[in-house]
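We call the chains A, B, C and D, going by the order they appear; numbering starts again at 1 in every chain.
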Amino acid sequence: MSEPLPNPGAETTATTTSWRLIAALGGVALLCGVLIVTAFQSTLDPIAKNRRIALERSIFSLIPEGVSLHIYAVSAQGTTLLRPGQAMPKEAQRVYAVYDAHRHLRGLVAEAGAVGYADVVRVLYAYDPHQQAIVGFAVGAHRETPGIGDKIRTDADFQKNFVALDARLDASGQALAHPIRTVKHGSKRNPWEIDAISGATITSRAVGRGINDSASTLLPRLHPHLNNLESPP
Amino acid sequence: MTELRSAPHERLGVSVESIMLNVVLALLPIALFSIWLYGLSALALLITSVVVCLATERVFNRLSGQSSTLSDWSAMITGILLALVLPPSFPLWMTAVAAVVAMGLGKILFGGLGMNVFNPALVGRAFVQAAFPSAIATWVPSYAPNRFHEFIPTTLTQPLMIPPDITAWVKAVSADAFTGATPLAMWKFQHQLTAPEDLILGIATASVGETSAMLILVCGLYLALRGMLDWRIPVGMMGSAVILASAFHLYNPDFFPPPVFVLLSGGLMLGAMFMATDMATSPVTPLAVWTYAILIGVVTVLIRYFGGLSEGVMYAILFGNALAPLLDRSLPTRVFGRRKPWRVGS
Amino acid sequence: MKPGEHTLTAFENFMEGIWKQNPVFVMVLGMCPTLAVTVSAINALGMGLATTFVLVFSCLLVSVIRNWVPKEVRIATYIVIIASFVTVVDYAIQALSLGLYEALGAFIQLIVVNCIILGRAEAHASKHPPLTAVVNALGMGIGFTIGLFALGGVREIFGTGTLFGISLFGPGFQPWIVMLLPPGGFFVLGGWLLLFAWWKMRKEAKDGA
Amino acid sequence: MERREEIEAPGALPSRQDGRPSRPFRLSSYIVSLFRRKSFARGVHPDTHKSTAGKPIRRLPYAPRISLPLAQHIGKPAVPLVRPGEEVVRGQPIARADGFLSVPLHSPVTGRVEAIRLHPSASGAWVESIIIRAYDSSTQEVLWREPRDMEALAPEEILAAVKECGMVGLGGAAFPSHVKLSIPPERRIHTLVVNGCECEPYLTCDHRTMIEHPADLLRGIGYAMRAVGAQRAIIGVEDNKPDAVAVLTPLLPADGRVTIEMVRTKYPQGAEKMLIKSLLGLEVPAGGLPLDIGVVVNNVGTLTLLGRLLPAGEGLTERVVTVTGPAVKRPGNFWVPLGTPIRHVLQCSGALDGEAHAELEVVLGGSMMGQAITSLDAPVTKGVTGILVYDREWISRETATKVYPCIKCGECVQACPMGLNPALLGMLAAKRDYDSMSADYHIADCFECGCCTWVCPSGIPLVQQFRVAKGLLRARAA
C-alpha cells in the first residue's frame, strides 16, 4: 500500500465540540436524505411498471391465450376485486384472473411456496376452473442446486405433470378430493400425483407440497364465487 | 579418497519409482478386466485419462521450469485410478477435463509429488461429479455383446457437448432387465439388493474399475505383501465399515443391507486398497493411520445410509485426506523412553 | 504523501486499481459479491458498474467534505454516504432491469459494507482533493469490474455455454454445473490468481535477467 | 553422558530371568525359541554381509611405523610419558590419564618414539599423536606386565585396574570403561547386560571373539559384575550367531548368574537401549542412562579383553578389527595393534591392489553408522570395530538413486527404533525449524542409527539432516 501513514504531528489536539459533530452528521444525513428521496421518487413509477410487466409476462406464459388480467383477493368471506394501488386484505390470497380476447375467463394464477433443498421455492401455478385442474406452473426465485434442483424449470417430463394435474374438490366442496402428492420418479399412477424428478426429489416434493397447501385452502374458498370472476369487471 | 558419503552407506534400495511402478502393475489387471467388461469404451477412457494426466504434468513442469517428473510414474497412477472410478460410458472429453483438474488442481497446485493434500484422482472425480452430475450417473451394462467393435455412444461425445441419450442403446445391448442403476443406488432408491456373487465377479453395474471385488483384493494383496501398501488402511477402513454396517443391519435388517453388500458394492474395495492408501495423502504415525482408516470406513457407511448420495467412498476419503496432516500431529508416535504419546511437547 | 514519495500522475493513479492493486486479483477484497454474483458476465458487469458508481460518488462526496467532517464521526458519515448511494443504485437497477436486480439480489445492499469502498474512502478520498479521489475511485471501480467480469465471463462460458446470454457452442452444450456453484467461483478465482502470480513471477524473472 | 536424572527405579524384574539355570545348547530349543525371539519395536533388516564370520582371527604383519593419537576415547586426551627418541617396549605405558574421564595409552610395539606431533586422524583432523617406529628385529612380545590376583580385589580396585589398562568401549563408542562401570553410591545395579549382538552389517569381530575367546569373555563378565555389584549378567546375542551361543552355553557358570539369551537379528539390536528393551523389557527413560534403571551394558569385545588383560596386568595394545567390503580381496578379522595405519591394514588384505585410491570409499565401522575417512594414513584406534571398503561400482550403484520429495510413505516411522517421526522431522529440518524439532518432536532422542535414511524410498538423507540439527542445537545450548 502506498497510502501515507498518518502523521501524528498534524492531528489537531483540540477536541471538537459536540455541536460540530452533530452539525456534521446532521448535514451529511440531510444531504443523503435528499439524495435517497429524490432517487426513490424518480424511480417509483418505472419500478412498479417493471414489476407489473415481469409478473404479467410469467402469468401469460402460463396461460398463453390470456390477454388481460385482474387481481382478486380471495378470503373466507369471498372474492374482492383489487384495483391498482389498493392494499391486499389480511388473511386473503392473491389470485390473478386471466381473460382472453373474448373476455372469457381462461384461468386463474396463484402463488405457492414451500421449503425445498436450499430455501423456499416460490412458484406460480395456473388453475383451470372448467377442468378443475392445475394446468401449468412457473418457478419464481429459488436457490436450488443448479443442474439438479433447477431441473423443475427445464425437465420436460416434470413439466408434463402440470398439463392437467387433477385438483377437483370433494363432495363437500371443503377440500380437495385427492391431495396433490409428489411420488417417486416413475411411480405416478393417478392424475393428482406429481412424478418427481429422479435425483431431485426434494425440490420436486417442495413444488408439490407448495401447490397442495395453496390449492387446498384457495380452491374451496374460490369455487362458490367463481361466477363473479367469469367475466372481467 | 574422493568418496566421503555419510552413513548409512547402503540403502534398502526401494525407490519412489519402484513403489509407483508396482502400484501401476497392481492396477493393470483391474484395468484389463475393465476392458474385458466394457470393451473399447473402457480402453479409450483409460488411454485418455492416462495421456491427459501425463501431458498436464509435463506442461506444468515446463511452465514452472522444472525438469520432467513423469519418470516417477505417479502421474500414470493418477491417470489409471481416475479412469477406474469413472463410469464406463463417461464421455472422453469430460474424462480429459477430469484428468486436467486431477493433476492441476489436485496435485501440481499443491507443489507436486508428495505435497498434495488430496488424492488427485479423487479431486478430478469430485470435480466432474459436481460439473456433470447427469453424465456421471449414467451407467451401462457390462458384457455388452458388441463391446469390442463398438463404442458406447456417449464415449465419443463431441467436446463440450451434452452426451446423447443412450436409453435405447442400453435396451438394445442388455440381455436381461438392466436397470441402469448401481447396486448402491438400487438399494438406496429402490430397496433391492444385488447378489454378492455378482459383486465379486464384476457383473454388477459400477465404475470402470470398481466391478470385481475379488480382483481388487488380489491386486491389493500383492502390493501389501511387497510392503508397498499400508495394510492397516484397507483393514481398518473395511473393518470399520463392516462392523458399523453389521450393527445397523442387526438393529433393522429390513432397512439396512447386510454388511457383505456394504463391503462388496460401490467403490469401497477400490477406495480402501488404492485410494485411501495413497501415501502422500494418508497419515504416517500408527495411531493416526488407524484413526484415518476407521474414520473413512465410518463416514462411508454414514454417507451411504443417511446422505443424499448413494455412494460415499470418494467424499469419505477426501474427508480423511483433509484430516490426515492434523491426525499426524495430534496423534504422534510414542517416543522410546517417554510417556503420553498423544501430547506434543515434553 | 510521505516526503520523498513521488507524486502519482493521474494516469498512474487511475491504473493503480486496475493493475497494481487490483481489488480482486491482487488485494483479494470483496470476496462475498465476487464469488456469489459472478455466475454470468452480465451479472458481473452489473455488479461491477454498480460498485463503481457507488465508489466514485462516495469518494467524490467524501473528498468534498473531507475538511468539514471531524475525524470523530468520519466513519459514521462515510457509512451514511455509501449507504445512500447504494440505495440510489438499488432503485436505479430496479428501474432499469428487474432481471438483473433479481440476479444481483441481496448483494446490491451488501455493497454498503464492501471493504473496497470504505477502504478507498478512508484511505484515499479523505486525504485527497476531489479530482484525484474520483480518478482513483474510477480506477478501483473499473479494476473491480474487470475482475468480476473475468470471473463471471469464465463461469458463464463454462457454466451455461453463453457469454452475455449469447450461445457460444450451439444447443448441445453440456453445462459445467460446478461453475455456477460457489465452489466453481473458488476454482475460477484460484485459476486467475495463479495466472496473475505466474505472470508476475515471469516478469520479475525477466526484469532480473 | 554425564547427565543423570532422578528417575524412579523399576520395581521387581520379571522373575523369568531370575536364577535360570544354565543349560547345554540344543538345536531343538534353538528352533523353538526362533518363534518367540525377544526384540524391540520397529527397526530394520539390512543385508548382514557377515561373510567373515567363519574366518578365524589372524594377525597382520607389523606396520613399520605407527601413530597413536592421545585422544582415542571420549574425554580428556592422555598426557605423554615419553619423549621423542626414547625407546619403548610393547605394553609399556606411554601416556597417562588426565583426570577421571580419561585413560592411559600403552605402546603397541617395541621400538623407538620418533616424534610427538600432529598426525592425520580418521575424522580428517590432524591430532596430537605419538609416532613410534617399530624395530624390525623385535619379536613384538608383550614385555611389560604386572600380573595381579583378581580374586583379591575390591570393586574400587577392579575399577582402578580397568582404568590402568586403558580400556574403552570397544563396540565403537570408545567411552572409558572404568567410568561406565563406576556406579554412583545411590544406584543399585541388578543386571549386567553383555552386548554380543553386533547388529551392524559386515562386522564380525565380536562374533569371532565370542567363538575364539569364550573363557576370557566369561572372566571379564565376572570382573564387571563385581565392579558394578550386579547379581546377574545376560549375554544378548542375535539369533544369527547360534555357533557363538553354542560355544558359550556349556561354559556358563553353574550358579545361573550368567545367562545367554538370543534376540532377533534386527538392526539396531546392539544399541544399548534397544538391547535392554529386548532382554529385560525395560525402557531407559529419555535423556537417561541404563544405570537409571539398574542396568549396565558392556560390549563382548570389551569384556573379553578385560578378562584377558586384567589378570595379566597388561595394557590395551591391540584389538580385533573386521576388514571387509566389496573392495577387499582377502576379508577377515585381524588382531591389529593400535596405531597401525589403515593403509597398512588395507594393503595386507588386498584392498589396495591395483585400484586407484580415489575410486574407493573407506569406512570405519559398519555400513549403517560407520564414518568414511579422508586419509589412509589415519591409524586404527581403540574405537575402530571394522574397516569397510567400497569400490567404485558399488558406490555408483548406491548413489544412482534420485532424490525425490518426501511422499509420506511412513516407512521411516515404521523403522525408527526410538519411535520418532523422521518424516515430520525431515520436513521441519528442511524448514530449519530446529526449535520445533527439539521441543515438540524430540530430535535429541535420535541416536543416528540411520534406519530412516536406509528405508527412505525418496533417498532423503534424513539422519544427516538430524545430525546437523542436533549439532546446531547443541551449539546453541552451549
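Here, a contact is a pair of C-beta atoms (placed from the backbone, for glycine too) under 8 Å apart; a residue touches a chain by one contact, two chains touch by 3 or more.
As the structure is a prediction and not an experimental result, all values here were calculated from the model.
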Highest-count interface - the chain pair sharing the most C-beta contacts: B-D
Central chain of the complex, centres being mean CA coordinates: B
Greatest separation from chain C - chain, by CA centre: D
Where chain B and chain C are represented by their mean Cα positions, the distance between them in whole Å: 41
Approximate Å spacing (C-alpha centroids) for the pair chain A, chain C: 32
Distance from the mean Cα position of chain D to that of chain B, given in whole angstrom: 49
CA centroid of chain C to CA centroid of chain D, Å: 71
Touching two or more other chains - residue numbers and ranges from chain C: 177, 181
Residues of chain A engaged with two or more neighbouring chains: 147-148
Set of chain D residues in contact with two or more other chains: none
Touching residues on chain B, where the partner in the complex is chain C: 63, 91, 94, 97, 105, 109, 127, 130-133, 135, 157-158, 160-163
Residue ranges of chain A touching chain C (in the complex, touch as defined): 1-5, 11, 16, 20-21, 24-25, 27-29, 31-33, 35-36, 39-40, 43, 46-47, 50-51, 53-54, 141, 145-148
Touching residues (chain side chain C, partner chain A) in the complex: 1-2, 5, 8, 16, 21, 61, 65, 68-73, 76-77, 80-81, 83-85, 87-88, 91-92, 94-99, 102, 123-124, 127, 159, 175, 177, 180-181
Residue numbers on chain D that touch chain B, as the complex places them: 44, 46-47, 201, 273, 277, 283-288, 357-358, 360-363, 365, 367-376, 388, 390, 395, 398-399, 401-402, 404-411, 413, 416-421, 423-424, 439-442, 445, 448, 450, 453-459, 461, 463-464, 467
Contacting residues of chain B [partner chain D, same complex]: 1-19, 72, 111-115, 230, 279-286, 289, 328-329, 332-338, 341, 344-346
